[in-house]
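Both complexes shown next keep subunit A, but they swap its partner, so subunit B is in the first and subunit C is in the second.
Showing the complex of A and B:
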């Protein structure tokens, strides 16, 4: 047994040390596998980054209140409904006893994408006066917060990064009125960073919405009090509104898009894998053919078939792992953290960063190993069955 | 043995290796063909946009409304042939997942401007007469089995009727067929007047206007005239060519063009390496043979042509198989992915793939062919 082991070690090391003799062939396989892994990981990093941004938005102790069956863009709440909801049990109160609620508007405005110089939909959210106590984890990173009752707005960090003309101090024009960007905010990398915020009452005037709003955000006493608010909204026929936890609301939105990206990435990578597999097989067959005499000579010396098999497999697997890791490195260097934007759940832009993770790299390396395994197996099989006579044939 | 026969015999000497190489090429061209079909579908709106059509939207964003009074004010601008308007309905059939591209239009002018939508004259007449009628695009009609005369309830995720219902009942007046395959017919449209009178809010507003200019040379001037006219009003406008508008709309998804280019590019770099590598191996193995061919009188140029011919044949076989399958798949995509746009395998895609096939064949064969051409007979035969 240990004899076979020694033989395996010897043949494997011969195999690996002979790679430089076939450097161009081997390199082309490594690079081909690298590209396949790279394409897969780029798609997975996109899907992962998008999901992280969207599902990282929203807190379990904030409730989103919308019209039945409505999303944030199409929902309408009357003033009466909003006022009635203030009586709901389970909603936290401010120091002076007011329910912590923020009636909000959500309208779409145009921004110019820096990357493509084309227009894209950006959400402009009108916030109620207690919004800062409802939504935790928001920090003004430069400038200041807008003042109630003025044409001032603050922009999310992602908006100023990806879109033109939203730097602090800039003026923008909406419906023949000038607005000033007075600050930029951070919100833990969430979707809110892709939004612009202003005072809800000013927006109601600008958009002729009267006293209606589109949604109400409410801070819950605890995540468990969600049910109490739900029951309250359900019981009163004058209210009849949907109440969801903000966390669940955004988790549902993240699913569609990141699924689409993944469903695109995998089939493409698998199709490309078949191409790379053909390349790997060619390389490994060539490697076996080139060492035909060497393998036969070893057989003549009493080496078994197994060492020849393992040696060839080891070579193939090594090439594929190197290729897979190179692909991952390429994605890490060129794409990780790269900022991208696409349409999110509300027909508005969501800015996110491509995000590679150890788990994804593992998936990529596994794909590479599968290519290496299949690409090595058949040539290794041939190597194991090289007849001793081949040693004496004229090469 | 003719020259071509020689190439063919050479190519299939190592059957397994050749088959694998052809397979790799096949895959790359399959990916190219399928992604190009997808891109054709996504870009149909941009490629087919009428050069004489302008889109007028609210300057804040195209989802914001504008007063219907704007239509006649725009129509008065000199150089305009026709003005139509439309309003987004945000409709779906039965369940929200059956989302429908749906809008309320001014029927006569809209159909006049969009001449690529073909409606049988009798159906067109019926639609213009029936305020509760709806025109259904062929894609939608095929998906849900709608036929002329059907009563269909459409729900809106945005609007409510004055009676509180979110459902409007329509009668299918006609089916819109595309004038050519790349025209998208994934939509339904109905009378604005009926919509306006039944909805609870919105009043006399419309979503956007479509302007047909008499002469495309006047586009710039007309765009300026329209936007200046409404400047400093509560509803400022932004006018763009239809092409620019459609392009911006697609770009909202992200840089699809770049993603497709990157994937196709990676696939091609990969096969360039794989095929190039195979050709190098092949020629190296045949060093002696090539020397013999030279000895019996084959010129260097002929040897060069022999090798290039072989790599070209590889590329042609693999490429045509891949493109051919992609072409077949494109018919399935046209059915299955009609909601993204009209997926078509265009002539342009076919021509591009032929260029790619030729390039691949030449690039992968060039270095080995050059080496073979320059091969010194004495050293080659003596090397043994």
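Showing the complex of A and C:
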């Protein structure tokens, strides 16, 4: 081992072992850094959970067909357009040769949140008769599927968990008619679990939509068939509809929202970092001042400034890593998996869980280390330049 | 003069304090023979510590030359001076200046971390140094578990562990009672007599000065004659 390294290690270990002498100021720095990291990670976990839920919703071999420029709420498709689309090549067929398409309605109803007892919008989707063959991965987890032509509906798992009165067997009123919740479904944690589903034809009558729908879902023969369907919709002037893969459709929706959360989280965390940085600087300057005579004595004995610099940096980085990990632990213990609901792309509630990941923890620890690095650097610089004459003063 | 360990020639030393210049030394000459034991006395502010710092390569003169074993050292770089101190000078401070986190043995070992010695050789040297100051049985104690006199003995062991020729002591007994002080002074005397260490010791205490071979009186930056025994 080189001599310089031996010196650095000796001084650093001395430095770290002296932390208990400055326990309160050190602890306050650890806590401040932990708090900043925690805030950042809470936001990132929120964005991450949201993105996971929304992007997990779309499948690449399902096409979403909407009016040009429309979203699911504002789009209107006529019966003629819907029928013409049935001729599109590239759409998968059922066993008896029917194109696997589900004309769908998408309306908003009121729900009362269990947690806050406040009103929130819930999406109610009308499904075509072939919907269960168009969307894969949906499973009735209790009760049964609604029957075509009746006032029955099924609710997503998140809806029954977070909103009042949607348990299986419950009656609800929609547009002054009685409806029965006959089942609850799971859809791999996707956005669909925040929806209620019923028969599209019954909803058309209830909401006076005549024969129009808002969107059509179609199962593609393969993800590559999307282009054929697109070209077909473009070519016929009577159709003129937007065709996207469901995956792209939800990815676009989630991007806006998780961007907002992230872009809120980082600036907030960075603003708070300045507070934590001031604390770290303070602590580390205090540490250098407390060790002034020791550092000067070592210099008098012939030690260089480098060990004092490294020792101070090591102390600061150690405090910040501990703070960062405590912040991450706090988020993990108190927030990870916690359900949150937010407005999805259509001003309806999307229910999702905060989700911490190794990657996010790493980002948090990096932020903590940056605070520790800057907060340690200037005091370490002072430590490296302590005048040797300080060794001769009382203290 | 030829056998002098350290020679100061025409030394000037100024400090600038704000706009004011403070002259500590002007045209100061001095020679310290090998194996000398000098006590340096003088009123507070007369420049004793400053002189010690010049001798030890901690501070540099504003004018003049300092030579150690015939080699000039006043023009060395910071790094070279640090290496010079590590190789040639042992310091003993008034307030011991031990590292509170380290045991006596670890404190004594510090100067050896600047040498090429491996862990085993270092351990042996530490053991020897602690034995010389009669503290072999306290090797694992922290400074806070030792008396003032014992702490100063650890500091002396640290000062001699790398076997430097020159020991510089700034009021080494200033913080100790008479009996303990005499014990420490006796130890310095032994180091001078038996191990041939050249010692320069600053003290305010005439009793302490009696342990040295000779006493220099510094006043306003100059050596003055004074007969102690008169």
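For this structure, a couple of remarks:
FYI, the second predicted complex is superposed on the first by the 394 of 395 C-alpha atoms of A that agree within 3 Å, B and C clash if a C-alpha of one lies under 4 Å from a C-alpha of the other, contacts with A are read in each partner's own complex, and residues count from 1 in each chain.
The rule is short, and it goes like this: a residue touches a chain if its C-beta (ideal position, glycine included) is under 8 Å from a C-beta of that chain, and two chains touch if they have at least 3 such contacts.
Keep in mind that this is a model prediction, so the values were computed, not measured.
The partner of subunit A that touches more of its residues, comparing subunit B with subunit C, is B. Using the contact criterion defined above for the overlaid structures, shared-chain residue A:358 touches neither subunit B nor subunit C, since it reaches no partner.
By the touch criterion stated above, A:304 is placed in contact with subunit C alone, subunit B being left untouched.
By the touch criterion defined above, A:237 reaches neither subunit B nor subunit C. By the touch criterion defined above, A:389 reaches subunit C but does not reach subunit B.
Considering their complex, residues 16-17, 20-21, 23-25, 27-28, 30-31, 59-61, 63-64, 90, 96, 157-158, 166, 201, 231-236, 238, 247-248, 251-255, 262-263, 266-267, 269-271, 273-274, 276-278, 280-281 of subunit B touch subunit A. Residue ranges of subunit A in contact with subunit B, taken from their complex: 24-25, 28-29, 31-32, 35-36, 38-39, 42, 69-71, 73-74, 76, 107-110, 113, 115-116, 118-121, 173-176, 207-208, 268, 271-272, 274-276, 278-279, 281-283, 285-286, 340-343, 347, 349. Remark: subunit A residues 3, 6-7, 10, 14, 17-18, 293-294, 297-304, 388-389, 391-392, 394-395 touch subunit C in the complex. The residues of subunit C lying in touch with subunit A in their complex are 49, 53, 56, 58-59, 79, 82-87, 91, 93-95, 97, 99-102, 110-111, 113-116, 158, 170.
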